[in-house]
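Each of the next two complexes has subunit A plus one more chain, namely subunit B in the first and subunit C in the second.
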Partner chain A sequence: MLLEIKNLKVKYGNIEALHGISFTVDQGEIVTLIGANGAGKTTTLNTITRVPPPEGPKVWEGDILYKGQSILSMEPHEVVQKLKIALAPEGRHIFGNLSVEENLKLATYARTDEAKIQEDYKLVYRLFPRLYERRKQRSESLSGGEQQMLAVGRAIMTGANFLLLDEPSMGLAPLLMYEMFKALKELNQKEGMTILLIEQNAKLALEFAHRGYVLDTGEIVLSGSSQELLNSPEVKKAYLGG
Partner chain B sequence: MLESIIQNIFNALQWGSYYSLIALGYCLVYGVLLLINFAHGDIFMVGAYIAFFVSTLFLGHYHFFPYALSKPVVLALTIPITMFLTSCVGVFIERVAYRPLRRKGANRLYVVITALMAGLILENGNLALLGASRKKFPELLDKVVYHFGNITLTNIKIIVILSAFLVFWLLHFIVTRTKIGMAMRAISYDRFAVPLMGIPVDTIIVFTFVLGSSMAAIAGILFAMSYPILDPYMGAMVGWKAFIAAVVGGIGDIRGAFVGGFLLGFIEILVVAFFPSTFRDLIAFTILLIILSFKPTGIFGVAKTTKI
Partner chain C sequence: MRKLTVPLLVIGLFALLIGLAYYDKIDLYTQSVLMFMGINIIFGSSLNIVNGYMGEFSCGHAGFMAVGAYVSSILSVLFFAQDRVFGAPLLPPQYAIYGFPIIVIIAFIAAALAGLLVALPSFKTRGDYLAIITIAANYIIISTIINIDAIGGPRGFMGMKSVIFAMEDVVYLPWMLIWVYIFTILSIWAIYRFVNSTYGKGIVAIHQDEVAAEIMSVNTNKMKLVAFMFSSGLAGVAGALFAHVLGYINPNSFNILKSTEALVMVYLGGMGSLSGSILAAILFTFLLELLRPLQIIKWVVIPLLLIILMQFRPEGIMGNKELSDIFPRLKKFYQFK
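Showing the complex of A and B:
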């Protein structure tokens, strides 16, 4: 098991945001967490990447295991450097005052594998040709969709083999959304990238992922293969609009 | 007339150099932590004092080191050692005063108050340890005076101005071309995402304090070489002025801080050329106030926009 979340309970201040969730992600899988706004999806990802309080949640019960080892004592930059887990966060959080190229370069900060870095640049520019066209541009001048591509590209450039994606479809026009998910599919199939995807667009997420979990107000209420979830009456009723 | 103008330009460049070197330190720390490090003027003072002790040590003024080295060697040793020790002081303040507050998520107001207190502690710590008597900074460079008509230039003045430009050029290179400089700019834009790139934020913060404090140390050495009387409060006024210069230049941008420092130097010298010197600060700050009221973000500052 690559990543195992065990009975995780977290708090923001005194408010419990996750009430003991458990799920697993295996090597090479695409797993999705779906659920409504405020269900705890972003909280889950921020907990895995060890974002510290006050922005980040505080774990008070349960554990997060990576290849069987607890990662709760790790610093956020160590999660990226040592575990090769990278997050493309909600709201993109690109560095708008840097150029596209500089954003990507900064993500290689802790890396020394020069040859692989060059390959990764090629990979990112192949997956997202728009980023190559705009590589000299200040990234705050990019459109929302292009910024999202940059956020994902940046996560790849950290040298990660496990991506956590927080609503990569948010604010994207349908065509860009299609490009984005095509690129993600290719990353998974050709590069063996493990992906944990969070989406409000449940249909899109389930068509893309192998397996899924349904999160509702801090609890996992349903899980199964994507097909099972797509056919489940509860999911249909609550998330797929009938 | 022309000669007096040129003379004044050099004087302005010299004072502008001190202000710029200190303003750059305010600017760097502000860029990374959004903290106005009010202790920074006193770091400049500490730099001058450290330079004093290091240079007198190597000149053989103390019994436990009875070897007098030659002046050029002493100067060559004083600069890097002072930069290193002053950086240690800057980083120490960040570790014991600012970092604990940051960890607790304290409001920025409290951090600024802490910075003010840290500055006062440096001033009064110096007063308590070394007494109220002033120190005479030793002459590390034989003064050479050049005459061009009625213009007089000293070698020290030229060194001060050239050093300021050289330091700025180096800093600009670090900030725009290196990964650690990129990380500094990235933190100022989006603090949250920096660790997600595998970058240890605390390392970047420490590096920022090292850069800022070493520049204050250089300013301290250069200042002491030109005006060789040191007292515990020497950093207070110069520090405030450099801070204001950084704000007028646009505090988020190192070009702004650099230009702001020289702008203040020029305004001060210009005022003194036409008015009694007691009017200097009054008129200089009035002019800066007017500039700010027209451009509140400073000369190089831009209002930050976020895309939704």
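Showing the complex of A and C:
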């Protein structure tokens, strides 16, 4: 088991956002967490990447194991650097007044494997040719979809082999959304990248992932393979509109 | 060739300046203004690391300058000068030429350590809180010095001039002018390399988005400490030079008003612009001299100018751009790295 979330309870101040959720992600898998607004999806990802309070959530109970080791005592930069888990955060959090290239370069901040870095640049530019076209442009002048690509590209550039993606389809036009998921699929199949994806667009996410979990107000209510979930009446009713 | 333009230009200007001073082509007054200009360049651009590039708000920069000034003065008097309190010099005064740069480096280290002491408790705070903590630190440092009678307390400390005279006895050169500009050039080079390195880009990332910096594997806590220590250490260098140029220091020369001068230079030049800080330091030094006849009224005029600047150009003279961004043609003539 690569990543194991065990009975995780998380609070923001006094408000409990996750009421004890458990799920697992295996090496090379694409797993998706789907759920409505406020279900606790982003909280889950921020907890895994250890984003600190005050912005970040506080773990109340439970544990997060990566390759069998608890990661709760780690700092966010250690999670990226040592465990190679990278987050493409909600709202993108790109560095607006740096160029696309500089954003990507900054992601290699803690890396020393020069040859692999060059390969990763090529990989990112192959997956997202638009980023290559705009590599000299200030990143705040990119369109929303391109910024999202940059956020994902930046996560790849950290040298991660495990990506946490927070709503990569948010604010994307259908065509860009398709491009994005095609790139992610390729990343998973060719590079063996493990992906944990959270999405509001349940249909899209389930068609793309191998397995899924349905999160509802801080609890996991349903789990199974993507096919099972797509066919389950509850999911159909709640998220797929009939 | 392009690589060498800037170093050659700098060395040429440096040699010209020393030559003019050596053959008495520029008088002592002009020399002292030029020296304060160099010190202001170090003082202002070092604060720009924290306030400009990192986007925090430190306003006790003069406190670290005081640490550097006092540490270096005490050491140089102790080692190279006859003094009422410290007695005979520990080393023959003619070694002062070699000793002085080492003393300035020790001043850097001492001020950086003082910076560490201030930065540690303010670790988790940002913005306004850091401002309050640094103001408090500025006061603590000054009060500490005032209450140590051995180094003169409120009367101040002197005797550094005889160290400079000792250098001039060995080789007759305008030594302080040389030291000031050597350290100015070194400081600017160090800041330039720091903020343009991948490592230093970490502070730019912190400025923009601390959470994003953290998930991009920047150790934000450590980076803030390093930047703060680097900045306060350079303030210490400015202090050491200041003390030796004047030959006399007094705790009250490093009060909040002095810190404000550094802030004025940073905001006048533009936050996050090294060339802006240098330009602002030069302008500010000249402005102070030009307005000298106005005496106390100058402290009405200068804040007024600052208010006008904030109204009409809140990003400062250069914004966060460098000279080469505004005049791209300059890039033809030089190339760094």
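In this text, the second predicted complex is superposed on the first by the 242 of 242 C-alpha atoms of A that agree within 3 Å, B and C clash if a C-alpha of one lies under 4 Å from a C-alpha of the other, contacts with A are read in each partner's own complex, and residues count from 1 in each chain.
In this section, a residue touches a chain if its C-beta (ideal position, glycine included) is under 8 Å from a C-beta of that chain, and two chains touch if they have at least 3 such contacts.
The structure displayed is predicted, hence computed values, not measured ones.
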_After the overlay on subunit A, what do you see for subunit B versus subunit C, clash or fit?_
clash
*asked:* According to the stated criteria, A:H77 is in contact with first (subunit B), second (subunit C), both, or neither; which is it?
replied: both
*Does subunit B (first) or subunit C (second) touch A:E101, or do both, or does neither?*
neither
_According to the stated criteria, A:E61 is in contact with first (subunit B), second (subunit C), both, or neither; which is it?_
neither
*Based on the superposed arrangement, let me know which partner A:E140 touches: subunit B (first), subunit C (second), both, or neither?*
first
*Kindly classify A:P89 by the partners it touches after superposition: subunit B alone (first), subunit C alone (second), both, or neither?*
both
_Out of 4-12, 202-210 or 328-336, where does subunit C collide with subunit B after the chain A superposition?_
202-210
*Shared subunit A surface residues [contacts with subunit B and with subunit C]*: 49, 51, 55, 75-77, 80-81, 86-87, 89, 93-98, 102, 105-111, 154, 158
*What does subunit C use to touch subunit A in their complex?*
198-199, 201-202, 204-205, 208-209, 211-212, 214-221, 320
*Inside the complex, what are the residues of subunit B that reach subunit A?*
105, 179, 182-183, 185-186, 188-190, 192-193, 195-201, 305-307
*asked:* For a test of understanding, state which residues of subunit A touch subunit B in their complex under the given definition.
replied: 49, 51, 53-55, 75-77, 80-81, 86-87, 89, 93-98, 102, 105-111, 140, 144, 147, 154-155, 158
*In the complex, subunit A residues that touch subunit C*: 49, 51-52, 55-56, 75-77, 79-81, 86-87, 89, 93-98, 102, 105-111, 154, 158
